[in-house]
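In the two complexes that follow, subunit A is the common piece, with subunit B as its partner first and subunit C second.
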Partner chain A sequence: MSLHDMNPTVKFVTLTLIMFGLALFYNPRTPLVIIVGTLLIQLVATDVSWKKWGMFLIPFLITAIGTFWTTLVFGKNLEGETWMTILGQDITDEERRIAVALSLRVLAFTVLSLLFMMTTDSKRFVMSLMQQAKLSPTIAYSALVGFRFIPLLQRELQQLQYAHQLRGVPFNTKWERLRHVPKLLLPLLAGSIRRAERIAFSMEARGFTSGKRTIYDKVEVKSSDFVWSGVLLTLFGIAIWAGI
Partner chain B sequence: MLKSWKLKEVVLVSVLSVVFAVVYLLFVHIGNLWAGLIGPIAYEWIFGIWFIVSIISAYIIRKPGAAFISEVMAATIEMLIGNAIGPRIILVGIVQGLGAEAVFAMTGYRRYELWVLMLAGFGSAVTSFVYTYFMSGFAMLEPGYVATMFGLRAISGMVIAGIGGKLLSDLLLKTGSLRGYAISRSGNVHG
Partner chain C sequence: MVETESLHFRFLESSEAILEDVTVSIRQGRTILSGASGSGKSTLLALFNRLYPENCDGILDGRLELLGRSYDDYAPGEINQRVGTVFQDPDTQFVMERVEEELIFTLENLSTPVSDIEQRVTEILESLQLSDYRNRKIDSLSGGQKQRIAVACALVGRPEWLLLDEPLTHLDPVTAQEFVKWLDKMKDLNVIVVEHRPHLWGDYFDWHIELERGCVVRNESFRSVEDFSFVKSNASLSAIQRYKVKEVRRDSFQLNETVLHVRAGEVIAILGPNGSGKSTFLRSLTEHDHRVGLVPQSPEHLFFMNSVVRELQFGHETSIETVLSDMELHNQRFLHPLSLSHGQKRRLAVGIQSLSNKQLLAFDEPTAGQDEASLHALEALMKRHAEQGQTILFVTHDLSFANIANTFYLMKDGELSGPFGDELWQNTEMLLDYRLKGRGERCHSMT
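Entry: the complex of A and B
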């Protein structure tokens, strides 16, 4: 029974609820328990690549550090023992506690988000939204078309670069290539819009309508989904208790 | 809401969402580089970037839901292609989309002049700031600092999303690829 098999919509709703709940707490222990608990669940019930996970985490570590010192310097003044003095500003123990809590919150959000991202297949998520969350099939299939569009976009961008190079735009260094990207946006968009129109016509030609449809690729809600939901919410319960 | 939409309009929105999802993701990384140094305020002055697909879609299609659907779809695709903000980004998309959509709804989906587009960018700034205020615990920051953050975000929303979105759409109109969408029937065109 792994978290990979959990119904994506149920998983989405559960994790979102926990994140909203977390925003109500300003003590460091609640997010800390969430972080530790989520990592344990990830260790036991998933087979995600921890290396990839670490790569995703890095930018958020930076954000957490930024949040920490912003809260210290620009935080509300709170009463308490002076912990240290920065730039002539006294920072109390209570202020430090809040700063730790808010930066841990950033990390708790990240850990929960990564748990979802790394255990959820994109197509199955969209299919599940359509079947469980009543997402309109027109939107669901258009989104999947868009998703499949990405490799095409990459190729088109490459072709546009070649075309501009032929006309004498220098593309020798990485910087030159990067600097020219905004100028490629317009032709890229214009080409994509034309292609979107053709895709829509061919969908219609193949009989795609917004009416009632039958489903081949069924995504179901099983009782184990609620067990997982329960486990995650229990973790949140423990985290709240630890914070009191 | 979708009743009045043609399939090609839905696909157009999804394709625009994909292109801007990539742009959005790029700017998340740019914002991140700054954020370690100068804190969460790093995101504020570029925040308008993340509202732009709403403005462009609504301005091109001119139907109820265009601003909202495009923003949510861009957020979803951004998550699928690897924004580690994860499922939360969809909520962010919903919140931002609602802000812009509300402004277009107030005009009865009839007016698409520059000031309306700028107001829509401002609308997204307001709703998204309320969300960030709650989720990031801004209640714990000095009110003056929070006000500065909001001011930057509001200006960014009006300038980057409002003015930038209109400029980009008008340029696209001139390429002729938007023939067959409401924007080319609006009368104020010369393309």
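Entry: the complex of A and C
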């Protein structure tokens, strides 16, 4: 029984609930328990590539450290015993506690989001939203087409940049690249609209309407989904208890 | 299948009629709908599967009967269960990631009972000899394979008719021929094909309808058609120039380094199958040498200013008046470059290059999707620049158009060979080897 098989909508709702709940607690222990617990679950019940996970984590880790630092140095001054002195500023124990809590919260959000992202197939998620959350097929299939268009868009952007470079538009520094972006947007948009129209015609010609359709690939809600949901919510319960 | 009587069609925003007094009756069998760009053939096809007038602001007059019922009698999506369509662009026809999923998507649209879906998918793939592709990712397929999958998707709903909208445009000649041969094996298929180059289809069709500016100018039994003909450039050749094309390595592909010796006034064609490295070659040629100007396959990729005049004036102080009149763009001078017609865009692209004094003009696939008039305009444009002493180099699939060249190069697996003269067309082994000619097919006739 792996977390990969859990119904994506149930997983999404559970994790979203926990994240909203997490925002209500202002102590360092609650997010810490969530982080440790989530990592344990990830270790036991998934086959996520930890290397890939680590790569995704890096920017958020930097954000967390940044949060820690700015809260410490620029945060509201709170009374209390001095923990240490940085840049001539006295940091109290209370200030440190809040800084740790905030940065751990950032990490807890990250770890939960990554757990969802790395154990959920985007196509199955869209299908599940359509079947369980009554998302309209028009939006669901547009999203799927959107996923497929991303590489096409990248290719076109490269072609455009290359063609403009040939015409003598300088692209050497970051600033030069950035300055030219608005000029790339219009042709890119024109191309995308043309493509979108074609794919819409092609879908319609294959009988796609917003009306009745059968569903071959059923994404079901199983009892094990609620077990998982229960496990995750229990973890949250323990985390709250640890924080009191 | 289709009966029309005095059919008129125009878009709301324009007063110009797209279709004028079209009266045709299309019976079972294989029908071709030919005509130049803008002749109304694609519009007529879109009326047959009811994409029009539903999805555009169009005004339709006259009688249009589809499968025995008036067109406005059908509920949305209803006609699409009885008529399957394949479009021109292989890249914008698919919704899902894999072949099987795409077929299932189509069957779900048609409300096929879930218990039948598996079997229907297997059946259609088997009957079209496509079973090997069942679990392939669509993005990993070639253009020709994608078009076959598009046919499978159109046929999986068991339609009574199959419509194809210029399905060969993006395929190289041998792939196109193989596609036609493969379609030909399906005997009881009723098809309507929109095509501006009927000769690619050999004797596939039974009936031929041709449109010209919205009017029917031909409505008769099909007879094989000769391809358009093009005449070799006779610009005088002078000084030899040397161009070095640097090596390019990318994943599993490698373009080998070559040195080109070309003469001013020479017209050069580079031929080879899809994916052989022709575009990479052009890119490497243009990237490192300021004497080379490039006209991309989509000329609009070059444009980023908001009027023709500003576009031409970008980056230099030279007067643009001569170029404007040479390229017949003086009436369009204040228009937005993206609003020009394809021919005008191409002329603007060439105009831009002329102003920066390029000695070699390279065209990437300038022939794809072009009708006869447009190809002849391109021919004239290239020849004129050759006569002015520039070297013209183009990459193409179009062996008839390639006739205008003095010199040929062949490209395969990143390796360029040549130069060849007209003797190339006698060398059957080589033509087969470079997929310029299919096995068991008569030698390509050259003028």
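Definition applied: the second predicted complex is superposed on the first by the 222 of 244 C-alpha atoms of A that agree within 3 Å, B and C clash if a C-alpha of one lies under 4 Å from a C-alpha of the other, contacts with A are read in each partner's own complex, and residues count from 1 in each chain.
Criterion: a contact is a pair of C-beta atoms (placed from the backbone, for glycine too) under 8 Å apart; a residue touches a chain by one contact, two chains touch by 3 or more.
Predicted model, so just to flag it, every value in this text is computed and none were measured.
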Problem - Simultaneous placement of subunit C and subunit B on subunit A, clash or fit - result: fit
Problem - Which superposed partner A:151 touches (first subunit B, second subunit C, both, neither) - result: second
Exercise for the section: Report for A:105: first if it touches subunit B alone, second if subunit C alone, otherwise both or neither. Expected result: first
Practice task
Have a look at where A:27 lands relative to subunit B and subunit C in the superposition and call it first, second, both or neither.
Solution key: neither
Practice task
Could you say whether A:183 touches subunit B, subunit C, both of them, or neither, answering first, second, both or neither?
Solution key: second
Practice task
Pick one for A:46: touches subunit B only (first), subunit C only (second), both, or neither.
Solution key: neither
Practice task
Return first, second, both or neither, reflecting whether A:212 touches subunit B, subunit C, both chains, or no partner chain.
Solution key: second
Practice task
Check whether A:160 is in contact with subunit B, with subunit C, with both or with neither, and answer first, second, both or neither.
Solution key: second
Problem - Vertex subunit A angle, Cα centres of subunit C and subunit B, expressed to the nearest 10 degrees - result: 70
Practice task
Check the residue A:92 against both partner chains and state whether it touches subunit B (first), subunit C (second), both, or neither.
Solution key: neither
Practice task
May I ask you to name which of subunit B and subunit C touches more residues of subunit A?
Solution key: B
Problem - Closest Cα approach, subunit C to subunit B, once both complexes are overlaid on chain A (Å) - result: 5
Practice task
Indicate the residue numbers of subunit A shared between its subunit B interface and its subunit C interface, in ascending order.
Solution key: 145, 186-187, 190, 195, 199-201, 203-204, 208
Handout entry: Touch list for subunit A against partner subunit B, complex
Key = 12, 15-16, 19-20, 23, 26, 56-57, 59-60, 62-63, 65-67, 69-71, 74-76, 98, 101-102, 105-106, 109-110, 112-114, 116-117, 122, 125-126, 136, 138-139, 142-143, 145-147, 149-150, 153, 185-197, 199-201, 203-204, 208, 210
Fill in the blank from the handout: Contacts from subunit A onto subunit C in the complex sit at residues 123, 141, 144-145, 148, 151-152, 159-160, 162-164, 166-169, 180, 183-184, 186-187, 190, 195, 198-209, 211-217
Exercise for the section: Spell out the residues on subunit C that touch subunit A in their complex, using ranges where they run on. Expected result: 46, 49, 51, 55, 76-77, 80-81, 84-85, 87, 89, 91-97, 104-114, 117, 139, 153-154, 157, 283, 286-287, 293-294, 296, 298, 300-304, 314-315, 338, 352, 356
Practice task
Within their complex, state which residues of subunit B touch subunit A.
Solution key: 2, 5-8, 10-19, 22-23, 29, 32-33, 35-42, 69, 73, 76-77, 79-82, 84-88, 90-91, 134-137, 140-142, 145, 168, 171-172, 175, 177-178, 180
